[in-house]
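I have placed the structure first, in the form of structure tokens, so that the comments after it can refer back to it.
Naming follows writing order (A, B, C, D, E and F), and every chain is counted from residue 1.
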Amino acid sequence: MPTVVRNTPRTDLEVVDGLARAGVATVHEAQGRTGLLRSDIRPIFRPVRVAGNALTCEVAPGDNWSIHVAVEQARPGDFLVVTPTSPCEDGYLGDLLAESLRARGVRGVVIDAGVRDVASLTEMGFPVWSKAISAQGTVKETPGNVQTPITCAGALVWPGDVIVADDDGVVVVRREQAAAVLEGAQSREANETSKRKRLADGELGLDIYDMRGRLADKGLRYTDYADPR
Amino acid sequence: MPTVVRNTPRTDLEVVDGLARAGVATVHEAQGRTGLLRSDIRPIFRPVRVAGNALTCEVAPGDNWSIHVAVEQARPGDFLVVTPTSPCEDGYLGDLLAESLRARGVRGVVIDAGVRDVASLTEMGFPVWSKAISAQGTVKETPGNVQTPITCAGALVWPGDVIVADDDGVVVVRREQAAAVLEGAQSREANETSKRKRLADGELGLDIYDMRGRLADKGLRYTDYADPR
Amino acid sequence: MPTVVRNTPRTDLEVVDGLARAGVATVHEAQGRTGLLRSDIRPIFRPVRVAGNALTCEVAPGDNWSIHVAVEQARPGDFLVVTPTSPCEDGYLGDLLAESLRARGVRGVVIDAGVRDVASLTEMGFPVWSKAISAQGTVKETPGNVQTPITCAGALVWPGDVIVADDDGVVVVRREQAAAVLEGAQSREANETSKRKRLADGELGLDIYDMRGRLADKGLRYTDYADPR
Amino acid sequence: MPTVVRNTPRTDLEVVDGLARAGVATVHEAQGRTGLLRSDIRPIFRPVRVAGNALTCEVAPGDNWSIHVAVEQARPGDFLVVTPTSPCEDGYLGDLLAESLRARGVRGVVIDAGVRDVASLTEMGFPVWSKAISAQGTVKETPGNVQTPITCAGALVWPGDVIVADDDGVVVVRREQAAAVLEGAQSREANETSKRKRLADGELGLDIYDMRGRLADKGLRYTDYADPR
Amino acid sequence: MPTVVRNTPRTDLEVVDGLARAGVATVHEAQGRTGLLRSDIRPIFRPVRVAGNALTCEVAPGDNWSIHVAVEQARPGDFLVVTPTSPCEDGYLGDLLAESLRARGVRGVVIDAGVRDVASLTEMGFPVWSKAISAQGTVKETPGNVQTPITCAGALVWPGDVIVADDDGVVVVRREQAAAVLEGAQSREANETSKRKRLADGELGLDIYDMRGRLADKGLRYTDYADPR
Amino acid sequence: MPTVVRNTPRTDLEVVDGLARAGVATVHEAQGRTGLLRSDIRPIFRPVRVAGNALTCEVAPGDNWSIHVAVEQARPGDFLVVTPTSPCEDGYLGDLLAESLRARGVRGVVIDAGVRDVASLTEMGFPVWSKAISAQGTVKETPGNVQTPITCAGALVWPGDVIVADDDGVVVVRREQAAAVLEGAQSREANETSKRKRLADGELGLDIYDMRGRLADKGLRYTDYADPR
């Protein structure tokens, strides 16, 4: 039986916004290289960087009815996550639904399917990450679950998890771990800034990270082109 | 025997231009969700929106000879539709052919294969929708049909059908139905404008489209996170 | 045993820069339609056009250690070419490695795998051609060869070959043939400029290239729509 | 409005059976290398070879209702051709529908989507060519057209066209041309049998087809490994 | 930190074996069309049908170390489920690991990556469902989690869930729901047997399922070919 | 200019046959996990295992003329390796060419494109590894190189290199290294036989390969389900 779960908990928006600033690659590293969605999920415009609380939505193939149901559950700062129950590339949403989502405070959408009206969405500045761009319309015959745990593009997403999305793709952070991941991400960023300066000055990663000994242990050898042996 | 059909009928350019203004998604809906080409056919630059009369052209794999033949059949307002007789990603055309097509009044190209010189085409503002971008050149050994019915990217196209193409993809409209589809598209647009305003004001699709009763009939139930049963 | 070959020969940078000006499609034609990498290797931003001396690097799947080793071998004007020993889409490099490569004079990267931090790389203007954009990080456990011959995206690349890359993709030119290919490319360009002018004036390729007789020999026939036989 | 067209004409079964004996590759050659469906449409078991009259059926994504409608229109010797209105890999039919189709004299199915119960279908010896094998079930909410012209896997199919399918894939032959194509296929076969014997005896295609002169004209040259020039 | 969880609960093997008998399509229907893995996960030989308790294992790309760790946790009746932390097609296991798994009572493997030695595995009758067949070997540098919840081929899998796999693909059943799903599957089977008999006798699904009225309500209309209106 | 190189050296057939016995996975390991062709190159029937001397052949897309040229260069024990100059899935060869190749002593074919007449080839027992099965025929307009170095499915192949192919895929061994690789492969096999026996007896890889200490060093930890901390 299709179910809508109301009043699911969210992650604090201050933490969410901090994760947005860190960006997908850093957040993904900070939580041990986990949580990425498949890399064929791409943004419809670039550059873009946004984070929000997962508002989850399951849809039947070729049927976007649940998205209308999901809109009502949205709260400011949410990020709609849509997954079809079997693979589909149809254009599940366009500028009308985007207008409605924006009116409810939703910051973006990730969908393991297609999106349409992308010129209009780009003009609105409403970001969507999708597997396809397709004008193919959908029907309203089969409702699905809203605000239940789902897998989207290979990743497990719970309602209220944090979705961070930018030019590199999309990563999900568990609600319970969001604050800790943010802390880890921020210390990574500080560290990277200093490393980046040294690399820009011509220092080698081989030296900064002290790799030469370990490389030799692994058997790496150097030869000269003119005298290969 | 490869054949060129001369003097095929076209659709009136006023209707063609009206369909361009409506755009791919709306036109596709207005004709009952039919006529879309495969969604892996993508424009080389965005935003873009154009429509024209289909000038059809079959090519052998890795052989663009027929496109030269097709250029001569072009009339102002045409839209070149190219399909290889077996799957191929080669770059069948570049800036030289684009220059020639533009000189004959052709508005754009859709090809179920590759295109090259895309930087130059982008600079010219000459739009192409293709399956691939590839510098791979082609030969001139095997002529194919021009201005015969073809299937391109999964859709059937007759010479003189209307090709509408934008950021969302490509749709084909039968010549005989073009005026009726335009009418349907225009009334959809009027309707969408008013809906969009209501959604932007925060009204819900659930209410605008009166969906609640039908959703309940389909078994949708609501629970609360804190008290799931 | 993983090996780094030092002091491999390079192609003269004047030749390299000439090939960049000619662009991928023209260079590919000038060397007999050979040398293209697979067309799913795409630039992270457009427009872009650059050439350099191949600095080759083999990496284990999910492991970017060799890239750090390769940086030390870089010389101004080099173009890093990275290939994984088995298919992988991970984000092998981001803004830190790009900073380091740029500091050593490297002009760009082509990788038959993924790249990350693309917003930052775009801002830096550091071009990368890749199979994927993915935030997925990598480990440093298995070193690979640097400056040995490799195949990348279906093409054989020797250290010091010229890599030419633009919006159309990537082509490799053998070091020994680079000067001759440049000459051929330049004469093609001169020829194309004059052809383009004639085509823009409405002359037909059928006439410019004198194709009508050969088309008739191949059996091409013309009919009229109103009177098909 | 979804439509079922009754009493569409069929091709004579003697012609159909002759085309089955010729097989897909020969039939495709005999009609000028046209009519093939995309090569990702594969049989669920091999070896297999069958032909029948196209019984066409459009289905909504994830919805197999029309197939039930199509069964009623089936006549002995038919071949069900199913195409979804947007891309879908669901398992539209399994052993129950196969049983029903077989009871009505249908010889096989080609579907640009998925099929399930393939172990059972294999045991029954009921052949299906599909894009995917998937257990994913479908709903019955949206009827589609039956016995109207459709495109399936890139090919245009009219009701009553001949579908020929074997280990090599699927080809469609227009009803009006079926007898002529059969004749062409049979003379090709006779010719191939004699050629095959000569090739088996060690004669070269270069000589049988008298290719040496034309190859030389095209610039083919022979060198020796030990003395390359 | 990579973690191995010992002594995770399993599903009763009598229930597991009942689900195997029902098969993937029926089980998937019995739990509301959920739980399927992606359809590109295919068995290395057919026919095949098996079920077992999920023994979960995360591996680094190109690194099969965790599988050795997982073997020790295996119990009779287990089904190894392997997922790489980023997409990879390498051959993570072959006949040696299969021998070891079989010695511990493991019934089969599903892996969202590659497998090798498939001739030998086929001879052994040891079933594997995989995304690829690839001889590419792997390293042992990075351990991963064993017996933690994972997503494999788009589906969430908990240790001790039931994996059912056959010619149609793979489905996962939650441990807590396994007995109920079995019951549902068995009543579906009984129902299907009687339906199948009626269909084999030529009765139509349109009548058995009483579809004609609802089809008319949805607007389905019938016309005759000779008199289309 | 298309070139045929005559009298290229071959590898001793005793070495070739030894490599066939070792199989693809073992040979690939014995040469340091190198030389594999892309894993989408699959055999048309299974089980199968064969090796031969590479007879290389470049073809234009949709044009199989060079294969006829290559047949004349074949010697007993050769293995035809075909690569198109741009991506193509056409059926470049069928039973006629297979008959001709077999008459000249060719043992098999690997082609980074399509093959047809697979039922007939299977009946003949003539093995082909290909990217696609497609009935699509080809033309004879553009000759290509024969017996020059080529890249096929991502791997570099020199004439006279050894091609080893079985159910797992295809690997190429350099002629100069073939004897050494055979030796390595044979000692691997001996070692694997003894390991396999121990694993079948229930010994763990963790113990046989003495992995426990190194796993602990890498941070692997064990917890209990009932008491996770």
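In this section, a residue touches a chain if its C-beta (ideal position, glycine included) is under 8 Å from a C-beta of that chain, and two chains touch if they have at least 3 such contacts.
Predicted, not measured: the structure shown is a model, and the values here were computed from it.
Counted by C-beta pairs in contact, the busier of B-D and D-F is D-F.
As a whole-number value, the distance joining the C-alpha centres of chain C and chain F reads 28 Å.
Separation between the centroids of chain C and chain D, computed from CA atoms only, is 39 Å. Residues of chain F found to touch two or more other chains are 33, 36, 39, 85-87, 89, 134, 136, 142.
Chain pairs that touch one another: A-B, A-C, A-D, A-E, B-C, B-D, B-F, C-E, C-F, D-E, D-F, E-F. Interface residues of chain B facing chain A in the complex, by the touch rule stated above, are 23-25, 28-29, 33, 36, 39, 42, 46-47, 49, 166-169, 171, 192, 195-196, 199-202, 204-206, 209, 211, 215, 218-226, 228. Within the complex formed with chain C, the residues of chain B that make contact are 1-9, 65, 68-69, 71-72, 89, 91, 94-97, 99-100, 102-104, 114, 116-119, 122, 132-137, 140, 142-143, 147, 159. By the touch criterion given at the top, residues 33-34, 36, 38-39, 85-87, 149, 151, 154-156 of chain C touch chain F in their complex.
Against chain A, the residues of chain D that register as touching in their complex are 60-63, 85-90, 134, 136, 139, 141-142.
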